[in-house]
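The two complexes that follow have chain A in common; it is paired with chain B in the first and with chain C in the second.
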Partner chain A sequence: MKKTLLLLTFFTLAIGGFVFSQELNSNGNIHGNFSFEGQYYITDSAINAYEVKEKILSNSFLNLIYTNGNFTSGIRYEAYLGPMKGYDDAYAGNGLPYRFATYKKDELEVTVGNFYDQFGNGLIFRSYEEKTLGIDNAMDGIRVKFTPVNGITLKGIVGNQRIYWAKSAGVLRGIDGEFALNDLCSRMKDSKTKIILGGSAISKYQKDKPTSKYKLPVNVAAFAGRFDISRGRFALQGEYAYKINDPSALNNYIFKPGEALFLSGSYSQKGLGVIVAAKRIDNMNFRTDRDMIGNPLTISYLPSITKQHTYSLAALYPYSTQPNGEMGFFGQVEYMFKKGSKLGGKYGTDASVNFSRINNIKKESPGAGIAMDSAGTMGYKSEFFAFGDELYFQDFNLEVTHKFNKHWKAIFSYLNLIYNISIIENHEGPLIYANVGIADVTYKFNEKNAVRVELQNLMSKQDKGDWFTGLVEYTIAPKWFFSVMDQYNYGNEDFEKRFHYYMAALGYTKGSNRIALQYGRQREGIVCVGGICRAVPASNGFQISITSSF
Partner chain B sequence: MKYLSLIFVGIMVTISAFSQETAPKTSKLPSIDIKTVDGKTINTASLSNNGKPMIVSFWALWCKPCVKELTTISEVYPDWVKETGVKLYAVSIDDSRSSSRVKPTVESKNWDYEVLLDQNSDFKRAMNVNMIPHTFLLNGKGEIVWQHTSFAEGAELELIELVKKVAKGESIDTK
Partner chain C sequence: MKYIGSIFFIALLIGYFFVSCDKIEEPFLRNNIPDTGDTGTATVKRKILIEDYTGHKCPNCPFAAEVAKTIHEEHPDQVVVMAVHAGSFATPDASGNFTYDFRTPEGNQLNGDFGLGAAYPIGLISRITSAPGRWDVQYTKWAETVDTLLNDVATVKLTLTNNYVEANRTSNVTVKTDFLTDIEQNCFLCVYLTEDSIIKPQKKQNLTILDYIHMHVLRKSFNGTYGTQLNSAAGAAGATFTNSFSMNLSTDWVDKNCNIVVYVFREDTKEILQVETVKVK
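This part shows the complex of A and B:
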């Protein structure tokens, strides 16, 4: 209490000081953003939208950033009164969970307080926020960035991680270095081949409990090395990470070290883009609390390699990374049929083909007489380059974008998905095979008015069967939009569950202020952003969202 | 305790609102390290266009309206550049899941923008972007003079009118 009060006093004074100094130095500036999202919940037991005792729930935040020359500081106020459905109840409350100060002096940049950062692709360290998913594992500590010469960036971090309104008991310490060889090596200055190398190390400290059955490592280190090579149209990237033994609730307390490998290669030229990628993840759950399950307190970020779909039925069965083990690959070709060609028409046609497939890793017993994954052992042995037999996810999809004339344009997509529900959603069920067809057609009446119609059909013999979605959206640029949508589970085997999820929305945007109102049903499902997903329960009601940047 | 925090924020908001009114609008791009599509680190404070207007547009591969906006502008971009000298920086907030796919996609779509990667949303956060697409317009002095969120068909026409004004050195009155 006393500490918080002191802190508040400090920040009030500090900000007061800034405002004052602003008069002295006209370069000072305050800017920020605000977001409010609230819903009035209506009980709709048919779709499992249960009674919400509070009736109204809301999430909101305000960021303020002050900059003056090389100095920046900021705070964020957050309020979850109470947290909207789908967000963890532990967010209930309000306060100032985020504040920082940064200054830059020549080669040095120092940040104290909260910060977000990642090393390389984030395989061994990523601190980030994804408000729509309720993820915020902001660091609270110190970060120092040092750029001794052009081409070298060194970073050091130390701190705790945020968990809801508290901080992790475990502490993180890490360093990262990135070296752009073309800037460093005079002989490579004019080389067409660009090489960037990087390396990082991180260590987590967490006390062992006196009641622990095993002698658990209290300091867990992880290392990663990466490269980024490009030459003209070709690019090659990769990162490998290694984590020492880290028994945790999520790997059933096995002592096997963890590994991860990401590789990608691409070719790009005007009108053509090709990319292939592969990854392997083996026992890479890494948290500041070894007993934590669910989304909080992650240190490692292991993004999914599959394409992220945005149309609602294409995203009905989204893949999310299995940190305990998976192997997969991804390939995509994008091509533009030129203007004036037969398939290109007057404006050109974009086409893309995409395929990805994820399996388990091959596992063997760690030794004679030891059952696989048994706690307190090495858990299993796994050959690095061997795919397992179990399919987790497969996605083949095509997308064509074409503008017919000044008035008409359209996007057509087809997807073929295989989804292992028992692994991805962790409950019994058969493999789900789904075919999805989508047409997204826009008609522009004149310079400002346009209507967009989205038709989506998903066919599956498993899970909830077939779905149809229809959406009509009318926009008056640049300020207004109106839309109505219906999602209909017409193929559900259970006739009583063939629900309509209807929705109507309107929005007004002026500059960076936006207000949107929405009324209708939300089906229960999974929302994913950047490979992390969260389950959202079904709901029915009236929603309002206000966002603003200034 | 909670009340104290509230009071504090109340004060903060008042102060900031107050300072908004009095402070001259000289907000420039913050100093954040992000990457080019070739992996090279660059600082956002160094983005410039030789005294001509700049557009900074936040987008991502998974954001359909963003891709629509940039595709629409791309059709008329050569004319915009010829007429006003404007330069568009397309800042992708794709994280490491898809950031390596940005370059092939941009090339295949024939976009002529300067494309940057903001993998951990550091630049987005420093610019106070709530959601994408979010577009900023900067004048020749590098000052942010206008911003807009979301995209609707035809919104690009408003943008080019503003760019023309800024290129002529006129002030923007969005009312």
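This part shows the complex of A and C:
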């Protein structure tokens, strides 16, 4: 521990080269977490799991955070030796890509080094890490938070973004303010209506590219305004963002400004919850490198409003946000049938209905004789509230959770999906219509022992046809779990591709330490978190994962 | 409530100084593009070289070849493809279907120097960097990467003159290189020979296609893997170099299927600034 403290102290002094005095008390503490994931790969060319020369690949990291009074500093060690399949090979290597120091003095909080942050919903700025997607666009720079009075938070940032083991050439500068009116205005102090307003602005600098035939903006700014109003059971939120001309590889170097609007409203009371949401995105790809494609170096974060499914076949066709343009809406009603009622039974029944639909935006040529989306033009004109004709994604789903008695509990789900593979996965294919039925039944033997069975069936006449998944999981709380699973592509038109993707796993948890082993096949597919996706290649082999925190 | 207005004002003021943006007015085209003059730059487009690193025993490589073919068909005047057989997937077997040796010393060297050994198929797109210190691009990203270069203005113009002497199967090529903009780095000229329509076995997933047609196969370089240095310090706009090279074609190669691929690259970034191709016969 002494060594670690020394390392942290040294690092803290080294990173910024700044000097400040702050009283450290003797109650400093170190905490952190560790994760190791490794796989031994077995060649299985039938399912496109090709030879991995290294045989074993692994991703791991350790976070170490030291806190003492108003002072915090930390480092993260990462090792990709080599990166597991599905992660970008550019991550290969190991080192300390993340280090920071923060102190707070009265109204001011200063962070130097790396940090994650976002303005509002993230429409114009979100720096975050999502390990499952291989995304880490951590900032490396300075962040200052200032709270002059209760109810006002001002935030300023400047820095580069992380790209794999390097930093973006482009620089970001931004400011955000949030104002809680109820705290600021004495007349509103006791009002039932709570209002929070926010505004932000950000600008990226990227040097000119002399070989481009277009006049490229080297400073590109974006602005956003937001509100959050709640009164009793009702809440309403919204954010609008605007970005000036930003020709990029992803928008085919058009000069049209970008816009985004997110609105959501909710109502909740005991036993009932209603959420509705709508969004429009128009040319909002925003990165520190105009020529970058894929997931790196994003500045804007455009969350998906579709429901994120967790059952494997429900998540077979996930939606991915289309930054160049999309319009959609979402509605969800959750209702709890009371205990003792006909449908509620002894323990009550939870039911949820959810619907979302995403289309393209309506576009027209920007001027006579100019083809739509032509490079070096305004690209297109688009009416703000007009839906386009092309459907990108639709999801209607129902979920019912019911506890029958002390032993039996079940979740039943049904989904009806329409998935535009040519837009979402960017390769040719018909619209995919899929129906999915899922039964998830748990039988509890006693306080410690339980068995859970999951049966899922997906039916589709397109793509790879029908799928079935069966899973049995046995848990000995709180330490052990064992599971076996098979995913069977029984409806594939190509008889030779009716593969079984079998998997067996066991896990041991004690306190904050967890070890899991897994053996089996993983189908190729897409993993999405919040509308951002990563393609995962097929694999076969042994997997071990260790997570721990202290 | 009274200080909300002033705080908004301060925030806006800070925002004004803090955030800068460049609003570009139409026309969006640069007006300083050299589009007249001796070199005739108005017609010069930047061409893009797709180097497809492949092997006859590589099960996924035919998919990459198909992607390269599609991109080439979409931009026939702006895209040149070269298939480099190297690495363990290209190693010939002692017997069986895969005894033919497609490998070349040049291809082996490039494969090693660009660190491409791990997973095939993989490609280089005009050797632009895909990440700091890396040039490799997955074949699923070739089309997107090519798209980012299609609108670039050419910085170098290459003019090829080929004279093929059928009697002794000798290809004589003269390359005129015109620098259209100042390039303050050493540049090298490479002249390679590729051959189309070689019918030899190829793995495709778990199948072996015995009569697979191999296209754009790198055969040999006229002037070494990294070619001939053009300029000792800076290629100033207007500088012109003329170089001649010749090569006897191996009897194993079909002359009418052979192409000469010529490119110029920067020594510092390794980026290929321009590429041209001409048929041998």
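Everything below uses one rule, namely that the second predicted complex is superposed on the first by the 526 of 550 C-alpha atoms of A that agree within 3 Å, B and C clash if a C-alpha of one lies under 4 Å from a C-alpha of the other, contacts with A are read in each partner's own complex, and residues count from 1 in each chain.
Quick note on the criterion: a residue touches a chain if its C-beta (ideal position, glycine included) is under 8 Å from a C-beta of that chain, and two chains touch if they have at least 3 such contacts.
Being a predicted model, the structure only gives us computed values, none of them experimental.
**Q** Just to be sure I read the superposition right, which of the two partners does A:269 touch: chain B = first, chain C = second, or both, or neither?
**A** Only chain B; A:269 stays clear of chain C.
**Q** Given the touch rule stated above, what does A:538 touch, chain B (first), chain C (second), both, or neither?
**A** neither
**Q** Check whether A:128 is in contact with chain B, with chain C, with both or with neither, and answer first, second, both or neither.
**A** So A:128 only meets chain B here.
**Q** In the overlay, answer first, second, both or neither for which of chain B and chain C A:244 touches.
**A** Once the two structures are laid over each other on A, A:244 reaches chain C alone.
**Q** Name the contact category of A:458: first (chain B only), second (chain C only), both, or neither.
**A** Once the two structures are laid over each other on A, A:458 reaches no partner at all.
**Q** Between chain C and chain B, which one touches more residues of chain A when both complexes sit on the common chain A?
**A** Touched residues of chain A are more numerous for B.
**Q** Pick one for A:48: touches chain B only (first), chain C only (second), both, or neither.
**A** After superposition on chain A, A:48 lies in contact with chain C alone.
**Q** Of the partners chain B and chain C, which touch A:377 in the superposed model: first, second, both, neither?
**A** A:377: touches chain C, not chain B.
**Q** Quick one: which bits of chain B touch chain A in the complex? Just the residue numbers, please.
**A** Listed in rising order, the residues are 1-2, 4-6, 8-9, 11-13, 15-16, 18-20, 23-24, 26-27, 30-31, 33, 38-41, 61-64, 71, 75, 94-98, 100-101, 103-110, 119-122, 125-131, 134, 146-150, 152-155, 157-158, 174.
**Q** In their complex, what parts of chain A are in touch with chain C?
**A** 45-46, 48, 50, 53-54, 82, 88-90, 148-149, 152, 154, 156, 163-166, 173-175, 177, 179, 181, 184-187, 199, 201-203, 205, 210-221, 223, 244-245, 247, 249, 252-253, 255, 291, 293-294, 296, 375-378, 535
**Q** For the complex, give me every residue of chain A touching chain B.
**A** It comes out as residues 1, 4-5, 8, 11-12, 15-16, 19, 22, 26-35, 62-65, 67, 70, 72, 75, 77, 93-96, 104, 116-118, 120-122, 126, 128-129, 145, 153, 178, 180, 194, 196, 228, 230, 235, 237, 262, 264, 266-275, 277, 301, 303-305, 308-310, 332, 334-336, 347-348, 350, 352, 401, 411, 440, 442, 444, 446-450, 452, 475-481, 507, 509-512, 514, 530-531, 547-550.
**Q** Please name which positions on chain C make contact with chain A in the complex.
**A** Listed in rising order, the residues are 1, 3-4, 7-8, 11, 14-15, 18-24, 26, 28-30, 33, 46, 59-60, 88, 117-119, 130-134, 136, 140-141, 144-145, 147-148, 151-153, 155, 181, 205-206.
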